[in-house]
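Here the structure comes first, spelled out in structure tokens, and everything after it is commentary.
Chain nomenclature is as follows: A, B, C and D, assigned in order of appearance, with residue numbering initiated at 1 for each chain independently.
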């Protein structure tokens, strides 16, 4: 503990003011980000930012211990826990901010604003003097000071929080740990199950391999030129990192045919009467089909969900195996 | 402190109820006999009360008084005047017949009676009946308003189960329908009476507040309050008194029941078994009229006088309305229920006529109506149990195949239409005369109830008993020994009280005089002093 | 001696109790017990009569206080008997005729398996009737009054398997009840006015009250009398009451019960003397009824209903006389007694005829029966002569006196009443002759099968005999039936003369029933002559119509009046339209009202509460976030509240 | 600088957190918002403790953290469980509380 910090704790220097205004803005932005970001990962990061800022504020307010704890426990442990869970639940959670409950948003905004305004108003007309400063309180050192009162005045509360933590830990385990009740079924049984359900008897088809580079992210095309969803890993799909090339390939095909016809010097009529017709038909069909696929996105979502489940089961089995 | 006789009269059936309920499932018959024995023992005790009671003595006798809830001045105060004695005797007298008449009403049907099944409807039935008896006795004997209130309300619980749990199996076409009707009736009964009771609770508390305000420490003791009023020590503001009176009166009017608060009675009586119906109309409802006489008039004389005109009109409406609706009924038990409404109209009319004939007649009426309705209703129950239908139209010519049943039914009916020589005539005529001396118009209107009564009783008898024999009733058995044992004593009693009611009147008269002195009323004098 | 009075009532009461509770084991001896007890009661009556004759005219009134019945405050009803000349007359009539009819019933009801109960009811009736006439206060009289009503209800409906009988019984009881309202209200007024309702105090102090009160009491008593004695407007039940067994008709609906109204009026004479308006009402009722009944009697083909009409009319005479005050009371009672004899005789004769004609009651199926049942013919004939007032027979003396008294009422009123009485006499002669001719003379119409017309109520009993028509074999009735008829015939011949021998009857009654000589505007002889003339006219007319030309076996449609008379002058239709129908609508409406309105109000409230809670449940949509909103809102409100508190 | 600014900031953050709770459907984000609110409270407490010159405020903030940690642990566990059973982390899907 050196004097400067103690001094900083007692008085409010212009430095602190500057710091407050800058970091305060950051904190508010972080908070807003937490609430408004579409993807929960981003929210988590914003929150982490805000927390760090707060930690700085603690320090600035002479709560050194809390400041450290804030960084270590919150920004460290808790936020990591959040991220873990996010991963566990799946990063897909790009949930729309579209409101489903009727009137909820308006009510929320109303109440929020009203509450905030009231609070601000309350603080406004509260008579807050200048800082007394923690000079003598932190005289024996902030940690010691805290420790003293925690282990004397607040010892019972402290003990109880201990009990609380233990309980929480046990609770977490109880809740998350799941006992496998039934024997996990063998390869053969899985195979038979597949047969019974009659879907994907063969293993999932491979992704489209494209001449330019190895393309796990490119769905293979079905004979009619439409991309098969199954060929791309579900994760990529959910991240939306799938590159659809079917349109390109079809246009290439059409170009190829035209060129061959020029090369063979067939006249239009024959071309019309010949495979050109068939080609044209192919193109048209393919286009239709593709339109269909892109159209009934809900259906797509649905089967996406289902095989997402399938994948998750697979993961789970993997855990259990470990 | 002598032997607490009144407590004993109430406690015996209470203990009996517990004991009966405790009888194991298989020993059904034992439970029945136990219940019968207990009710008879209670009857004996009640007889002792009646003999120990000295009509010439002071107003309340056999009194007991113990502190119950000291903080609120609630005391366990018992004591009977002539009216109370008469009604306790009536209760104790009717219960054995109710038990005997309901002998098979609660026998579990086959699938329920499966061995090993811990299903004990019979025990429950008789236990509940005894419980009701105990509570009724306490209500008749309580001279502490709060104590009375507690039992007045507690009565509803066993009654609720008796109505809802043990319906008339001869009721609707199928059991499900019957169950629906039953629970409807039971809930209706409970809600009506609870509503009234809660209003009364408010009034009870208000009364306590008033006494606490004026007498220093509050009390619920009827006697203390009446004395304080008499001595002018306790004076209520006019509006306060009227509100309190209304609070009490409403509860009693629902219980009685007085038009237009009557609609629960036909459902309750129609859906429940005949013995339970008797329990409702002959025993439980009497608490309402009795309480009007003892509490409404005793505690709030001025308010009673103030409310008299309205109450008289309502009573008259009840008389005529009940009779007319009885004529319009197709269901035997509902018909009897409406007839009872008409009779309760007479009772209330007599009470508020504020003459010794009126009130004495009303008290006799409570007793006689209890007995006559019991006779009529129980015979009707036997009839219904034979044919399995409550509809009048399903009967005809019974008199040919079951003359004794028909005869007893007729006598019950004649008692209901208050034929001279049978008990109800005495009371009904007293009520009429008592009303006429003070309110001639009311007396005359009420007299028309007599004709209507003749109409509904005789139409009922004609439709069910006379005429060509219907095929359904051809092999209907006549009254069995048990049933005759139920009906014969009741009829004998009807005749006895009809020919020689003096013992009863001797007990009742002094009490009535006291009540009249409470309301500071005296009989109007004849305008011409007759040459003796 | 006094104690015997109680026994007088007790004997038949005992009989009733024994017979009704005795059960089947008494079936073979029951009728003997009943008859014996009736006879015993008659003997007691005779003993008391002898004793009474033995005493001075002034202290012939015996009274017995049995026990205090209903003592409440000033209301002191006692079971106490009072036996004076008036009651004694009735006692003898009731027990005497009653005993005879018991004897008659032994034969008449021989083939009825419920004969024991029949006798029980008869005894019950005797007891109630005796109670009625012996009571010394109006309340006890009321008890007897309703008692006889009950007995008549039971006896009219004795053949309950016949719906018509059951209905008739119910009708009789209810109409009587309407009358009873009058009696009970009268008693209430008495109690309110005099503080008592015992005969002597009331009757003595009636002068002390206003005429209005007296009139009210009188009218109420009249209402009661109308009900019991089948006077207009409450007469409708008597005709239907003929559904009962014939002995019943003879005893209750001819000789005794129906005359109770007359007894009531005569007994309460003092009240009516104090209320001229009430008296006028009485005589009006009497005059109207005597014509009404006579007219009805002319049109009926059912022999019993014809006789019922005549009963109605004869009682009309009595009521008329009773309404005339002191000049008529005694003659009312006198006619009552003689009528008791000959009308009972006529009914028993009718019963005997039906007995021989297997319960056929339609006179159009009779004819020429005189040679088949001579005794019946003779007794019936004597009764016939008596009732039409053939000079020298009972009816002549009593009826003639009444007509005189009617004229003696004085003024136009007297003329009107007298004229009505004379007219009635003529009509009586007409319809009785008609009955006589149709039954005992003319061709034997019963030999060929009937063609019953459904409209005729009178053929119902015939329908009872069922499908094919077997030709009846008219035969004389057994001794047990003929003997009573003979005795009654003697009564109907000589009673009148005996009574008016030196006005013996009047003087016998005088101590209790005030009497004064009426002074008709014309000489008594003229009146008598007029009566005889009227009688001859009536007989002649009847002979012209029914004696000379044969009687059609099927009733002709007849004039409007005839048809109306057949339907009892539309009285039932009137009641139906004015009372029954509206009543039905009223009750039906009320049932609906009770269900929909009174009950509906309550159920409606319940439904409303239920609906409300159902709505408010929607707020709980289960979304944690909307709950959170409300939480935050609540918090905001709290903050606001605190701030406000601080601000204030 | 006026110490009340800290309080304003705290209030602001708290309100933002609250509206986050109300607006977001993803249970995890909702939780984050709750954490935000807690932190805002903590900030206020710390500021107070400095304002009044004693450590009680800090201690309470400390306890708040502990409780918050426990709460997060359990809450997240619940979220995971719910997610397993119904494949969704949306708080609206767990709306079985309505009749």
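The criterion applied here is as follows: a contact is a pair of C-beta atoms (placed from the backbone, for glycine too) under 8 Å apart; a residue touches a chain by one contact, two chains touch by 3 or more.
These numbers were taken from a predicted model, which means no experiment stands behind them.
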item	value
Higher-contact pair (C-beta pairs counted), B-C versus C-D	B-C
Furthest chain, CA centroid comparison against chain A	C
Inter-chain centre distance, chain B versus chain C - centres from mean C-alpha coordinates, in Å	37
Centroid distance [mean C-alpha coordinates] between chain D and chain C, Å	98
Euclidean distance of C-alpha centroids - chain A vs chain C, Å	105
Chain B-chain D separation of Cα centroids, rounded to whole Å	66
Chain C residues counted as touching two or more neighbouring chains	621, 623, 625, 629, 632
Residues of chain A engaged with two or more neighbouring chains	101, 104, 107-108, 111-112, 115, 119
Interface hub residues of chain B, defined as touching at least two other chains	none
Touching residues on chain B, where the partner in the complex is chain C	191-192, 259-260, 262-263, 321, 324-325, 327-329, 355-357, 360-361, 397, 399-400, 407, 414, 419-421, 425-426, 429-430, 432-434, 436-437, 440, 443-444, 447-448, 450-451, 454-455, 458-459, 462, 465-469, 499-502, 505-506, 509, 512-513, 523-532
Complex contacts: residues of chain A adjacent to chain C	101, 104, 107-108, 111-112, 114-115, 118-119, 121-122, 125
Interfacial residue positions of chain C with respect to chain A in the complex	621, 623, 625-626, 629, 632-633, 635-636, 639-640, 642-643, 646
In the complex, chain D residues that touch chain A	1-9, 11-20, 22-26, 28-29, 31-33, 35-36, 39, 42-43, 46-47, 49-56, 58-59, 61-63, 65-74, 76-81, 83-84, 87, 89-90, 92
Interfacial residue positions of chain C with respect to chain B in the complex	20, 67-75, 139, 142-143, 145-147, 150, 153, 157, 160-161, 163, 165-167, 169-170, 173-174, 177-178, 180-181, 184-185, 187-189, 191-196, 200-202, 204-205, 208-209, 583, 586-588, 590-591, 594, 598-599, 602, 606
